[in-house]
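Each of the next two complexes has subunit A plus one other chain: subunit B in the first, subunit C in the second.
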Partner chain A sequence: MHSFGYRANALVTFAVTILALMCGMASLSDNFNSPSPSAQVQVLNINWFQKQPNANDEVSMTLNISADLQSLFTWNTKQVFVFLAAEYETPKNSLNQISLWDAIIPSKEHAKFWIHTSNKYRFIDQGSNLRGKEYNLTMHWHIMPKTGKMLADKIVMPGYRLPKEYR
Partner chain B sequence: MGWIGESVDSIKSLQIRQVLTQAVSLGMIVTSALIIWKALMCITGSESPVVVVLSGSMEPGFKRGDILFLHMSKDPIRAGEIVVFNVDGREIPIVHRVIKVHERQDTGEVDVLTKGDNNYGDDRLLYAHGQLWLQRHHIMGRAVGFLPYVGWVTIIMTEKPIIKYILIGALGLLVITSKD
Partner chain C sequence: MDWQGQKLAEQLMQIMLLSFAVIAFASGYIMASFQMMILIYAAGVVLTTLLTVPNWPFFNRHPLTWLDPSEVEKHPKPQPSANVTQKKKPVKK
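Entry: the complex of A and B
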């Protein structure tokens, strides 16, 4: 009954149970955080806008992104992955999401930022539907926890429009 | 004479019973592990509900040896989600983030492009030759939960099989020799 093996077994089982409970509670505690992030994006310039030889439209733009995501951070947050996506509808596709820029925010101190950048990933349509196209810019973020459930949310910024002619 | 024979018989039968009990309890452990795994498969709808991160392509979010819990629902795939996908001609599934989505108007089929957070370029180099997009059937699940470090157990066991055999041997010995 009281051999070394049994005591070691009981101790390890207890330790693992407590650890699992603590991980679960840390993950659950994220629910008490009600964040209030903000984001603004300006399209400063359309650098160029053309039709590729394979008939897909491609556009390059300069963006000014500013955001305050400090309220997303809790004690169980390892990092926040943030990205800006262009979202629009075409006759062929009910939804097109194209990531234009992304970043990893490692800590709360870096969560209030502004950046002046051209699009990091190529903005290419499936087809040539981009002339005069109205699109949303959506700031998405994915919160990676130290342990537990991953959380995600977004801010949709509607009302952007691409130029009517190639340039 | 009679009582000696009886006691020998009783010892023999006792040992057989003990061996049987040990075998049954070992079987119980193995089957309950199997039941838990299969139940997880049913609940999550993914053919492998738990995966271990093997590469550093998603650092600093996911490191080698971390465990991811997968879920495969009917919900459409959207940009930003971390998906686990299989590419034709590659055995090991890859865990990367979706950066582009094109969803068809009529059929609802999706074209998806992925990228590892820690990689410079997108995943078209990892896909099969000439493949530009992932479709729904390539995707095994999306990551919903995260547990650090625990996956090292499996990594060590697959890379150093000797440790696996020692561990299995020790456990087996423990089960056989333990007297309840």
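Entry: the complex of A and C
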């Protein structure tokens, strides 16, 4: 502590160590938040449903997605990535997941929303298994914190069924 | 900076940084604003730097008191006496 340089060095080292501790505590404080998000999805219309020339099934649908994800946001949340996936079982694979729509929610004010949209990404099965197929729509989200570990969770909405014939 | 000043500077630095960290974390958590925490802490670090890093006069209130040169002359450094050196010499016969 006898010279300017030593004092500056000691101060910066101690300050950065404490800053790291504060960030760690901010990350731990996320554990006190118990979120209660909600989501509903309505399939308003099957726009078309066809077999591609290469024999894969493809569906286009109109969706009404409404969700309230405000409780996911804490003071340590930077943004939330959310995507809607169709999940179904085929003889070959026990779980097929197809992302239909996604969004980045930058703040709590934008976390309660509803959107009327056709599927943003193409709903294509690897094969022709989609006729009359029962599927889940699952709202997945990833919480990106300012400091600490990324958290992921989902809401599964079961009981959707595709039409029996191509149209 | 004297010895007491160095001790004071180190303690002041640690106490100030810790208390600013506590204040910053508490207000950030209560106001639910991460940015507020960072701003308060940054202000605290700047203030602490200004207070404890430069060599302010109040760190020099306990100067070391060296002996006066005249004192040294009154108490000269004891010189090894001639007798002692002779005694230590091995006796030759």
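Here is the rule we go by: the second predicted complex is superposed on the first by the 166 of 167 C-alpha atoms of A that agree within 3 Å, B and C clash if a C-alpha of one lies under 4 Å from a C-alpha of the other, contacts with A are read in each partner's own complex, and residues count from 1 in each chain.
Heads up, the rule we're going with is that contacts are C-beta pairs under 8 Å (C-beta built on N, C-alpha and C of every residue); 3 or more make two chains touch, one makes a residue touch a chain.
Note that the structure is a prediction, hence the values are computed from the model and not measured.
In this overlay on subunit A, subunit B fits alongside subunit C without clashing.
Once the two structures are overlaid on chain A, subunit A sits at the apex of an angle of 40° toward subunit B and subunit C, using CA centres and rounding to a multiple of 10.
Of the two partner chains placed by superposition, subunit B and subunit C are both touched by A:Lys146. Legend: residue contacts after superposition of the two complexes on their common chain; A:His116 is shown touching neither subunit B nor subunit C.
For subunit A, the partner touching the most residues, choosing from subunit B and subunit C, is B. Of the two partner chains placed by the overlay, neither subunit B nor subunit C lies in contact with A:Arg167. By the touch criterion defined above, A:Ile104 reaches subunit B but does not reach subunit C.
Our summary of the superposed model lists a minimum C-alpha distance of 13 Å between subunit B and subunit C.
Residues 146 of subunit A contact both subunit B in one complex and subunit C in the other.
Those residues of subunit A whose C-beta lies close enough to touch subunit B in the complex are 5, 23, 27, 78-79, 81, 83, 85, 90-99, 102, 104, 106, 121, 126, 140, 142, 144-150, 152. Those residues of subunit C whose C-beta lies close enough to touch subunit A in the complex are 1, 6-7, 9-10, 13-14, 17-18, 21, 24-25, 28-29, 31-34, 37, 41, 45, 48-49, 52-55.
Subunit A contributes residues 1-2, 4, 7-8, 10-11, 14-15, 18-19, 21-22, 25-26, 29, 74-76, 146 to its touches with subunit C in the complex.
Those residues of subunit B whose C-beta lies close enough to touch subunit A in the complex are 60-61, 76, 78-82, 97, 99-105, 108, 111, 117, 122, 143-148, 174, 178.
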